[in-house]
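Multiple structures follow.
One chain, subunit A, links the two complexes that follow: it is found with subunit B in the first and with subunit C in the second.
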Partner chain A sequence: MTPKITIDGQIVPFEPGETVLDVASRLGHAIPSLCHEPRLKPTGACRMCLVEVQGQRRLQPSCAWKAEDGAVVTTRNDRIDTHRRTLLSMYVADHALDADGLPVDQGGTGNRLRTHVKDLGTGPALEPLTAVRRDRDDSNPYVHFDPASCVVCGACVRYCDEVEAVSAISLIDRGRRTTIGTADQQGLLDSSCELCGGCIAVCPTGAMTEKPALGVPRDPEPTRTTCNFCGVGCQVDIHVRDGRISRVTSPPPGTTVNDGNLCVKGRFAMEFVHHPERLTSPMIRVDGELVPTTWDVALQTAARGLLGVKQRHGADALGFVSSSRCTGEENYLMQKLARAAFGTNNCHQCAAT
Partner chain B sequence: MTNAVPEIRGADLLFVIGSNTTEAHPVIAMEMKRAVVRGAKLIVADPRSIWLTGIADVHLQLRPGTDVALLTAMAHVIVAEDLVDHAFIAEHTENVEAVVDAVRDCTPEWAEGVTGVPADLIRQAARMYATTEKAGIYYTLGITEHTHGTDNVYSLANLVLLTGHLGKPSAGMNPLRGQNNVQGANDAGASPIYYPGYQRVDDPEAQERWEAAWGVPLSPEPGLNLNVMMKGLRDGRIRGLYVMGEDILVSEPNASALEEGLNNAEFIVVQDILPTETMRFADVVLPAACFAEKDGVFTNTDRRVQRVRKAVEPPGEARADWQILCDMARAVGYPMPDYAHPGAVYAEMASNSPMFAGIRHERIGAAGLQWPCPEPGHPGTPTLHVDGPKKGKATFMPAAYRPSEELADDAFPLVLSTGRTLYHYNAGTQTRRANGASTKQPGNFIEMHRYDARKRGLANGDRVEVSSRRGAIEAEVVVSPRMRVGCVWMPMHFPEQLTNRLTTDAGDTVTGTAEYKVCAVQVSPLAAAK
Partner chain C sequence: MKKANADRSAIMEALEHAGGNRPGVARAVGDQTGIPEADVHGVATFYTLLAKPDVQVRVCQGLSCQLEGAARLLEDARLSGARVEAVSCLGQCDRAPAALDEHLEPVLTAPRGGVLPADPSLPIDLGGPDTSAYSALARAMAMGPDAVIAAIRESGLQGRGGAGFPAHVKWSGVRAGEGPRHLVVNADEGEPGTFKDREVMLRRPHKLLEGIAIAAHTVGADTAWIYIRGEFQPCRRALERALVEAKLDLDVRFVDGHGAYICGEETALLEAMEGRRGMPRLKPPFPTVQGLFGRPTLIHNVETLACVPSIVERGGAWFAGLGRGEPGTKLYCISGHVQRPGVYELPLGVTLDELVEVAGGYVGTPKAFSPGGASSGFLPMAHRDVPLAFKPLAALGSMLGSAGVVVLDDTVDMADAARWGQVFFEDETCGQCAPCRIGCSLQRRAVEDYRAHRDPAHLANVEAVHHEMDEGSICGLGMTASMPLLSAMRHFPEDFA
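For the complex of A and B:
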């Protein structure tokens, strides 16, 4: 018999191994959380997702509490709200705040702490903590870290250990000075970091952000497309601002082949798109030099040149090098051009894997 | 890939050979790491101690170019110890006797002499692979970029068939395709022997189908593969060239010879997004839009057709490659239809290719659509051969070890393999213009064992000349614990110190794929730099 759990009065079946948070999310019950991330083993660090489980004296973290047959769970009541507001007060006392006293809006990646404070409010007003966390001098071009916006949930560290598995960052120092650091606080370029940027993707508060897009708001409607580097086929969301690519993010985990992951090239190596050296005009060779011309002239010149070779030496003296970097349709058209327009099967690309 | 990328996470054993996955396919490597964290066993076969060997259970550090010896010895162990899947072989394969015969004398002890891998380690790897149900093979260009690349692939396939690791979840035979759309380019018929959908050009039925679709007579004569085309430039078989989106001078082997060939050509058209080395030889240059500036599809390594969507405008007068190709066809008098969108181009291809007949742009969702997808409404095929091999019975193909084309000798005593790094991509056209990549790896380097370095009086950071029978270039020494004695490694990303001036254009007898992974070189201190 399928096991069943009662969540907020609703009796629902679940798969063994699912957590209370998994089941509740499936029902559409939004349980607030900071450190939860589906790709990572639960740690129950942030305590925001605590729920009431019948028979348990204390509130339990729903991200780590496995669903049990016959269990009765409440995800929202006064006791839970009071707990969450108190917790939020403690986070706010130890966080960079804006003029309204809210956790700073990290324009780039958003700040879930800010959202939770706005949704739930805070509890007792606490004296701000004045701990100075160690920062580090880091000249890496891609990953920015702001200790004052960090809630030390450790999601970035867990990602670096469990998914990218290079363990470049870890929690350092103690107590209220605890922060995210590297071995000897070296810059990421000198660490085992591979600049995949997964730490940015899992950070709930925007303490980790894309350095090239610092403070640039997200595109509310990014363009979903496929990365143009290797053959994995990662889906990417391209954010655009003023006609230029501002940042690249991954679709949520569990929705595409890359499961929310990207590498240094897919996330960051997009400078080439807007590079000043991009070719912007057709060119033909005149007296040994390539000179700009119109599309019409360039196409006519190309056609004359290729047809001339065909007339002098036959169609099989022509070679068509297509590209595994271009789209399927473009490869189709290139071989159609070779076969149907010129009459040769000499069409290939660098694809002999 | 016979299996899908998300299946990697559920594997109990990964056999990774000739693939530096963490650098060439970082996001697939993440899935492998997650499998290992979960408890999967990992066997890595690679001449270098690549990152994955650090978390591997077994590292088979073979000499470059000796894969067939290693793999036939593994097959020998599997046959000799009767670890074969008799039921699978009887039901789904043919010609097993040929392989049993071929591997009879390929003992692990013999293979140890050829590969340098201890016989016991070969036995251990063979047993682990054969006795684990969810065991998949993952390979890349370390397998194919050899004069015996096809034999390497046959040898791997024999292991899969002997053990019945086919048509099952998290198992199979999984080439990791190197480029975003290698799979899609082949699927679309950018091949000298296939029309779209792997319909042979010398098959009269296929010829008839495409003649009807395109309204012109077509040639049944198979064309030249890329390797032969490049050589053809030198010997006069090829006089005119149309190059789209590839810097052949940087990415093809034996660059000095190719340069000579390009000089011979009567007419060259280059269509690209950024200046390339090949452009120096162009008569006409056509500026193209990059992937973020156009629509279409890419097909990834697990046969997943996925959408490409325009996010930004192309610069200046640059146009999408598909538009340029249509105009070019019209300019030479071929009536290319007036496609409103690449979706219409895809529909034309799919409706004449049974393999993709059910795929249309509108059907492709967030997770893509994996071929075969033969009719509308078909959900696609994540795992191949689930109901037995597609072709009925899979054929065992025996392969015998033979040395690579060019071996180390007194004049060129080191074996060079080339490849890709995490931070750069192929000809470097895109990544050499990326800030992070250029900070991390600004120029060409050569990885070598400390023994080989010391013998030449070299230290980390020294400038050296690397020479082969075909050319010489400069590079910086990286003394690396990853290397075997006698082996060196270089990336291919730096046009100004072009590694492919060294490589040989000897190609695989079947595919023509060049032997980028093995050529003989010498490394000497650069006296002039003082």
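For the complex of A and C:
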């Protein structure tokens, strides 16, 4: 028999291993969360997602509490509302605020704390606390961190360890001073960081943000395309603002081959698109000078040159190297060109070794 | 990610060896152990004894020391030009005000507090001779595990670390789990006002080791680990000496604490032992099921284990009959405004007046007392006749906790007393979960703002914040961290008008 759990009066089957939050989300019962991230082991640290489990005196974190056969769970009542609103008041007292007194939105992934405050409201009005967390001088070009808008949920640290297997960052200091840092607070460039930006992607508050896009709002309708830096085929969402690419994000985890992940190139290396020195038409050398031309002329020129070498020195004087940015199909065509059209086995792809 | 086979638990000692959190140490220890350098830095900055190397004097700012001029001692030490750090309760409340030198040895002039004279009818009998006969261990071996657990059940022994959980339930649970199993002794005594485990280790190390050996043998634990407060060097030496004499057929290992009150919480303690930041785990799973290195683990307070040999020797019914209302005797710590601070073994359930009589009487006119450490808050003298036991104190919204009783006379402003408690919790919260991390700061600010302006408006949200800290925190620290302020406001409204 499939195990069943009762959530807010509804009896639903579940897969063993699912958490209460998983099942409730499937039902469409929104449970607010901050530290929850489906790719990472739950820590239950942010306390946003607490629910009532029958038989348990204390509220329990639905992100970590496994669904059990016959369990009865309530995700919303007066007790839970009071808890959520007071907790939100406390978060707000410890967070960078905008002119409206709401948790700041730095662009990036947005700020779920801000959304929760808007959706659920707050409890007592608490004076803001003075910030005491250590900041870090960091000249890395891509990852910005603002301790004042961090809720210390640790998702970035867990991502860097569990998914990226890099562990460049850690929770540092203790108590009220707890924040995210590196060994001796060196810059990310001096650490093992690969600048993958995954910490940005999992950050619920935008405390970690793309440095080049700091403060730039998200594109509500980004363009889905395939990253062209390598043959893996990661899906990317290109955010455009005023006709220029502002940031690149990954589609949500579980929806595409890259499962929410990107590498430094896919996420950050898009400056070339708008670069003034970018080549926008084929070029050939005329009397030693590069001049723009058409594809027809360029291809004919290349073919003439290659055939000339073959005639003078034989086919094995030629070598063909394709780029790791090519797809499998393109690589196939490249070796076909080398073997069938020119008659040499001298072909290679730069990612083949 | 750590390198394959890297031993995370090795980083504590490596950090200690390298002199704590100095520039470059995280990388060096990371290279040496295979643990990522950022993780090493995260650990090094969590523990106060590692985070701040080169401190020459550590001056206690706990409640009992505050009553005896800890603030002045701190000021004087600072003026002397030494590198000084204000620290949480050092477990020397009986000879307040306390301080430690750079080698973590106590620099105290007053002698240790009193204990009762030798009395063989007491289970622990701090004043008695510490014999190494290990006759109770021999008896336990002869009885077999089932009979030993039955005796523990009959004795009604409740954990002496603060929660009062029935010991036999944990023993049965661990024994039922699959081996290898561990026994962990919680000797991280850090609750302000508490110094009983210190006296057990100094005076009756064999008694404790015998309790450890019986427990390990009964539940089938291969290794016994003693996690001992880093500030308790003399205790560690006493235990090490006794261990050599005892010649036990058991692997007993010591692990030093490095300055973090939260590591007294059993799952934070396990994290520390495994070389991580001492942040409590979510429960369930409980340590009896998944404890040290994921194995079934029996964790007990020092005093709990020290009760075991007498129970085995004289029977559970005998032990149960020693208490009043609740089973057994209890090591009560008493300090503050009394004549002879000390650790007195009395029937569980004596009243404050009875305890203070043993301690030579009150000094001055008593106004308030804290029955069981900072987490228990304060009670007015109107409750001087409540039995100092688990249930009666819980019924008053307080707790017996670690039975670190502190008496405050009528010269004390309860707003001051509340502030000392809130400073303690803000310093010692692990910072993992928001209700406690932010709540501790809010409560401390509330009482400090009130003291500065004497305006009760600053206290308007104390109740609401406490409610959420209790409701939303992961561990017991956050749940009770408002108690000093909340109880003082409740019972001494005149000091907060």
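The rule is short, and it goes like this: the second predicted complex is superposed on the first by the 277 of 353 C-alpha atoms of A that agree within 3 Å, B and C clash if a C-alpha of one lies under 4 Å from a C-alpha of the other, contacts with A are read in each partner's own complex, and residues count from 1 in each chain.
One rule holds in what follows: a contact is a pair of C-beta atoms (placed from the backbone, for glycine too) under 8 Å apart; a residue touches a chain by one contact, two chains touch by 3 or more.
Just so we're clear, the structure is a prediction, and the values are computed from it rather than from any experiment.
Student: Scan A:Ala302 for contacts with subunit B and subunit C and give back first, second, both or neither.
Tutor: After superposition on chain A, A:Ala302 lies in contact with subunit B alone.
Student: Return first, second, both or neither, reflecting whether A:His313 touches subunit B, subunit C, both chains, or no partner chain.
Tutor: In the superposition, A:His313 touches subunit B alone.
Student: For A:Gly187 in the superposed arrangement: first (subunit B), second (subunit C), both or neither?
Tutor: Touch status of A:Gly187: no partner.
Student: Considering only the touch criterion stated at the top, classify A:Thr225 as touching first (subunit B), second (subunit C), both, or neither.
Tutor: A:Thr225 contacts subunit B only, not subunit C.
Student: Which of the two partners, first being subunit B and second being subunit C, lies in contact with A:Gly107: first, second, both, or neither?
Tutor: neither
Student: With both complexes overlaid on chain A, does A:Gly44 touch subunit B (first), subunit C (second), both or neither?
Tutor: second
Student: Have a look at where A:Ala168 lands relative to subunit B and subunit C in the superposition and call it first, second, both or neither.
Tutor: Only subunit C; A:Ala168 stays clear of subunit B.
Student: Give the label of whichever partner, subunit B or subunit C, reaches more residues of subunit A.
Tutor: B
Student: Look at A:Leu290 in the shared chain and tell me whether it touches subunit B only, subunit C only, both, or neither; answer first, second, both or neither.
Tutor: first
Student: Quick one: classify A:Met90 as touching subunit B (first), subunit C (second), both or neither.
Tutor: second
Student: Following superposition on chain A, which residues of subunit A contact subunit B and also contact subunit C?
Tutor: Subunit A residues touching both partners: 165.
Student: Which residues, counting only subunit C, touch subunit A once they are in their complex?
Tutor: 1-2, 23-24, 26-27, 30, 36-42, 45-46, 48, 51, 260, 277, 282, 426-435, 437-442, 445, 460-461, 464-465, 467-468, 471-474
Student: Can you name the residues of subunit A that touch subunit B in the complex?
Tutor: Its residues touching subunit B are 39, 140-142, 162-165, 189, 194-196, 212, 222-235, 238, 240, 243-245, 251, 255-259, 261-266, 268-275, 277-285, 290, 295, 298-303, 305-310, 312-313, 315-353.
Student: Over in the complex, which subunit A residues touch subunit C? Could you list them?
Tutor: My answer: residues 43-47, 50, 58-59, 61, 64, 79, 82-83, 86-87, 90-91, 93-94, 123-124, 126-127, 129, 151-152, 161, 165-178, 181-185, 191-192.
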